[in-house]
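The chains carry the letters A, B, C and D, assigned in the order they are written, with residues numbered from 1 in each.
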Amino acid sequence: MSHNTFGHLFRVTTWGESHGPALGCVVDGCPPGIPLEPAEIQQFLDKRRPGQSRFTTQRKEPDEVEILSGVFSDGEGRQVTTGTPISLMIRNVDQRSKDYGDIASKFRPGHADYAYFKKYGIRDYRGGGRSSARETAARVAAGAVARKIIPGVRIRGALVQVGDIKVDRSLWDWDAVDANPFFCPDAATAVKWADYLDGIRKSGSSIGAVIEVVAEGVPAGWGAPLYGKLDQDIASAMMSINAVKAVEIGAGMAAAELTGEENADEIRIGHDGEPCFLSNHAGGVLGGISTGQPVVCRFAVKPTSSILTQRKTIDINGEEADVMTKGRHDPCVGIRAVPIGEAMMAIVLADHFLRHRAQIG
Amino acid sequence: MSHNTFGHLFRVTTWGESHGPALGCVVDGCPPGIPLEPAEIQQFLDKRRPGQSRFTTQRKEPDEVEILSGVFSDGEGRQVTTGTPISLMIRNVDQRSKDYGDIASKFRPGHADYAYFKKYGIRDYRGGGRSSARETAARVAAGAVARKIIPGVRIRGALVQVGDIKVDRSLWDWDAVDANPFFCPDAATAVKWADYLDGIRKSGSSIGAVIEVVAEGVPAGWGAPLYGKLDQDIASAMMSINAVKAVEIGAGMAAAELTGEENADEIRIGHDGEPCFLSNHAGGVLGGISTGQPVVCRFAVKPTSSILTQRKTIDINGEEADVMTKGRHDPCVGIRAVPIGEAMMAIVLADHFLRHRAQIG
Amino acid sequence: MSHNTFGHLFRVTTWGESHGPALGCVVDGCPPGIPLEPAEIQQFLDKRRPGQSRFTTQRKEPDEVEILSGVFSDGEGRQVTTGTPISLMIRNVDQRSKDYGDIASKFRPGHADYAYFKKYGIRDYRGGGRSSARETAARVAAGAVARKIIPGVRIRGALVQVGDIKVDRSLWDWDAVDANPFFCPDAATAVKWADYLDGIRKSGSSIGAVIEVVAEGVPAGWGAPLYGKLDQDIASAMMSINAVKAVEIGAGMAAAELTGEENADEIRIGHDGEPCFLSNHAGGVLGGISTGQPVVCRFAVKPTSSILTQRKTIDINGEEADVMTKGRHDPCVGIRAVPIGEAMMAIVLADHFLRHRAQIG
Amino acid sequence: MSHNTFGHLFRVTTWGESHGPALGCVVDGCPPGIPLEPAEIQQFLDKRRPGQSRFTTQRKEPDEVEILSGVFSDGEGRQVTTGTPISLMIRNVDQRSKDYGDIASKFRPGHADYAYFKKYGIRDYRGGGRSSARETAARVAAGAVARKIIPGVRIRGALVQVGDIKVDRSLWDWDAVDANPFFCPDAATAVKWADYLDGIRKSGSSIGAVIEVVAEGVPAGWGAPLYGKLDQDIASAMMSINAVKAVEIGAGMAAAELTGEENADEIRIGHDGEPCFLSNHAGGVLGGISTGQPVVCRFAVKPTSSILTQRKTIDINGEEADVMTKGRHDPCVGIRAVPIGEAMMAIVLADHFLRHRAQIG
């Protein structure tokens, strides 16, 4: 058991606070002989990096990753993994010097401030300390390593809902995802979100969102019932991300409204002689085991609790108070959750790939 | 890592198949000196037991639990835990002898049949084998033990949606839950469900449902961020239950539509001098740590895949086929998920109680 | 983490007390499709069974194992594993009814009595409860399953020292091991031990012993440095056996007296073109990883603390007292540790086989 | 499960290679509010640091530790733990640039070279890579943190044997330990060792050693039978240290020669009204649980395999070859194992303190 480790055979232990000197992770269990250059990790960090549009926090962090261990030259000019732990470190750069007075002593409603203080009796209040979304940089770095060990699996994410504005699934285009600042798979909806979020941003408010992550190419058989089910671990992974309040697999909550006939994804034999499902309400998982269909997961992210509106709260002395966040502000923290969700999916799948190989060979 | 164990310090390892001689679990990590009689476990098993109304499967199982280890006389006439592993066993009684021909060779769409076969190359097809909901009897037994070590916590569950018929929350009455065969907290909705489910049952179909589980009395501070968050473990626990496709904490998926102002549960000081939240969108968890508010979780259960309608599938030889389930039929497997959800909540909370005590004292 | 589970991917969770209705274990992580009949387990239980000679305890237990889950017909008349947890149960039969008065209230010096009471505040004093060597029956049963998944590995154990009488290694004969009641690999020494132990037995005393376990056929590469080293896990496994006070790998304690030249097992290429070590001070493990040489382990077992001589102690009320064990008596508990040591070696190797396969493929 | 993590509730994950840019560890599970300054860690690193006498390797490493996360000001000028993961990093400085030609392609007999290559197909041969004793700096740093959470426990180690020269236990003086370059508790023996090791050093050879670690002040009750026994975890911890080939608790291997009467540590009530053992053959552990007596452990370290004498080996192409190590040389690697053994004892005890508190409160 560990408080700060995720995964069983592919294990990620993260460390670091928002305003400490650095953050990072140790990736353990990676097979040897896998080419791994910093640039391969950096591309995913760049996707998650803050301050890339006016719709996310303006903190400026280069998020440059250093590989401190676990790789070596393969003698042919490539740097490869050695099977030993891979230590990844990212220096914090833009820990803006400021007066934390208000945040140091008052709990922001909806924020982890209160719960951390009640648990630990002490908290690093600078930028949220350990509960800051800064930590997710380490997840994204680890996810980049995870992708390398399941090269046949393609993992992509998209933002599918902001407030009550959902994407039009009939217009879904994966190529659109990188062409707008929202990871939106539908260009028309991206325009609507820009307008909507400008309003949210200017009013100092924030709004929730839904992210969808799809993994294609997962072979049938991954997952370890009954308590290491693939969907169970995906739920655990996504719920561990800051601000996530719900996780759905396949039909998700809507499964409650389906009849047995509707829900049962019928099977035929495809032109290639392989089993072919006629629908995917299961989201690629039955009985906790992958079926060979795309693994489909969605999760809801609540609005950031650091808003520019005054809210009722109490302080660390138990006195009633009002609090209002100043400074950098993130109108929709859900946007940057897209690469994070992808990373967590990659980590879960890499772990289950190894677990499957252990038991089945 | 274990495939069939749940929990870290309060650990439950379950075993057994639907049609084997018995099923059970080993509960490890239970503190010593806790009174534990079979009857205390039996009451929860009785709640989950099949065949108690026409709305659940007609399999008749007494589900009598035996405590095989881990308890001893305290010298004053009471049987108490000794701190050693508690082995609980339930004999299977009503494994109806029948011809499994069709099920043995054809995969029921929407069922774990296909995935198990692809993974293991062999499966115990009798009644679903290991993937059967029979296994949940062991969870309920373990949950009864879990409740004993967190006596200040009250855990209750209810069915809140069947198909598209939701309970009327303004009429919520916990006392109503045990007064109808659905664990419905609203007597009027229970009547509607009875009609609706009679239709589903007679047509040989099935329907999904949503369960809500609430834990009151959880003190602030339980939960181990970042990868042993309380809500993360609840999500993992609920998603490990058969047929569950989504898990929500507090506002759940609806958090996507909330603004920061709406979502932030404001805090005041109550008449008792204790912090008092003005709302509970957080579902009692912030930053993965309990806040002292009720912990609120919902999960969606898909319709059972064993229906009396013919569906397209393939067989174990890769040939296209049609399949239709015969015999005992469960129109809404979600009903019996209520005591199971309660049990899993109890197990997660008992585990986190011990984990919190380890680190904080 | 679990108190009563050993192993990571091949996991054994044991339960049960000396005088409870039964004891057993759950074996999790076993690959599917492996033939497994009760008789294959029974043969090892028979080897460990008490009461087979006058040199071990006279408790009469048939130790018949029941397989309660995890196996199914492969359709060709064989029972095979399904990849789901294997529950094994052994009924206790000869829990002799007696007055536990003295043992119930006084701590036997050298016995776990005292420590259990100090930890738990309660203990099942009947026959030692959970700390009884009865529990090792579950280990032996699990070890039998472990052997089935590493069929190329041959694991054999022998008693190599009783008191200060050591076997003559120049006369080592594996075939002799099953031809005497001591698992002694040297017939001449077995005769000496018989005489010696008759004296010990008649005087109501007891004596320690050393067991050696050798695993041949372990390929190079098993072991997971730095904290899942093969020899580390062997040390952990052997030290978990009742009464074990020391574990040696290869040269063991004597390594302290070796020079670098002596200790370095030189390597040549053998007639078969494979690497061939000229000695095996390493005991088959370098850097925590197997080398392909036989894995050699020894462990020392202290004399049983239940002796017929009066000893000074205290009682549960903290009063000074004298205590003397009556009834069944085991002059050299080390004898029966031979099959137990073999079982633990099998469990460690099966676990590392799966772990190696996970990371390396 | 993790390859590079030790401990369950107090968990240490180490990373880094001998010649990489840095090495370090993440310490997870540390309770909050514990004062922790770099200097408190540094003092133990200084004790382990290489190059402090002519009897250890001449590599010059300052071993300066950086605390990268997990601490914060307590508002009163002290830096304390926050309950979040503590990341410790030590830069490598003296990675001497040289031609690794011979070592890169030939396996040193008795060294992990061969086994790593067989397992991973690649190895960082510079200074032993991951298998280097450099990694133990991270253990010592983590051990310093561990000591802080069990302040009532005093952990001390000593070198008790070099080659066949043992300390005279009648002259044991803990104060002598820091007064000679061997951590020898007996000044007279230290003189003998100096002579003896000068001979070893000049001949380019090496020699094994035995270390003893004693923990005083451990209360009765720590340890989690049956598979988380205190002595089991100590054995695992010590065997995980480079070059260790055997571990003893209390009487150790000599327990084999004890009678039941000799072995049973009798108990009386002391002048303070507390139980008082008349001997400590048990080494402070019975049934896997601490008794309140000093916990006593010894372990044997083999001679370093890097010697200046030519030895027979093979190379990575499977060709026979001779190899001789050049450059820095460590005549008795056992010396520096003293602070490492202390650190591992501290880590095990801190872990068991938390585990005990979880289950017992």
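Here is the rule we use: a residue touches a chain if its C-beta (ideal position, glycine included) is under 8 Å from a C-beta of that chain, and two chains touch if they have at least 3 such contacts.
Here the structure is a predicted model, which means the values were calculated and not measured.
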- Note on the structure: Two candidates, B-C and C-D; the one with more touching C-beta pairs is C-D
- Tell me, please, which of A-B, A-D or B-D gives a repeat of the A-C interface, judged by over half of the contact pairs matching in residue number. B-D
- Note on the structure: Whole-angstrom distance, CA centroid of subunit B to CA centroid of subunit D, is 46
- Note on the structure: For the pair subunit B and subunit C, the C-alpha centroid-to-centroid distance in angstrom is 38
- Distance from subunit D to subunit C - Cα centre to Cα centre, in angstrom: 27
- Note on the structure: Expected list for subunit A, residues touching two or more other chains, is 1-5, 8-9, 14, 29, 32, 83-84, 119-120, 130, 225, 355, 359-360
- Interface with subunit A, subunit C side, in the complex: residues 1, 9, 29, 31-32, 83-84, 225, 354-355, 357-361
- Message: Can you tell me which positions in subunit D touch subunit A when the two form their complex?
- Response: 1-5, 8-9, 11, 13-17, 20-24, 26, 28-29, 32-33, 66, 68-70, 72, 74, 80, 82-87, 89, 119-124, 129-130
- Item | Of all residues in subunit A, those that touch subunit B in their complex | 1-6, 8-9, 14, 107-116, 118-120, 130-131, 135, 161-164, 200, 205-210, 220-229, 231-236, 238-240, 242, 245-269, 273, 275, 278, 281-283, 285-292, 300-307, 309, 311-314, 318-320, 334, 355-356, 359-360
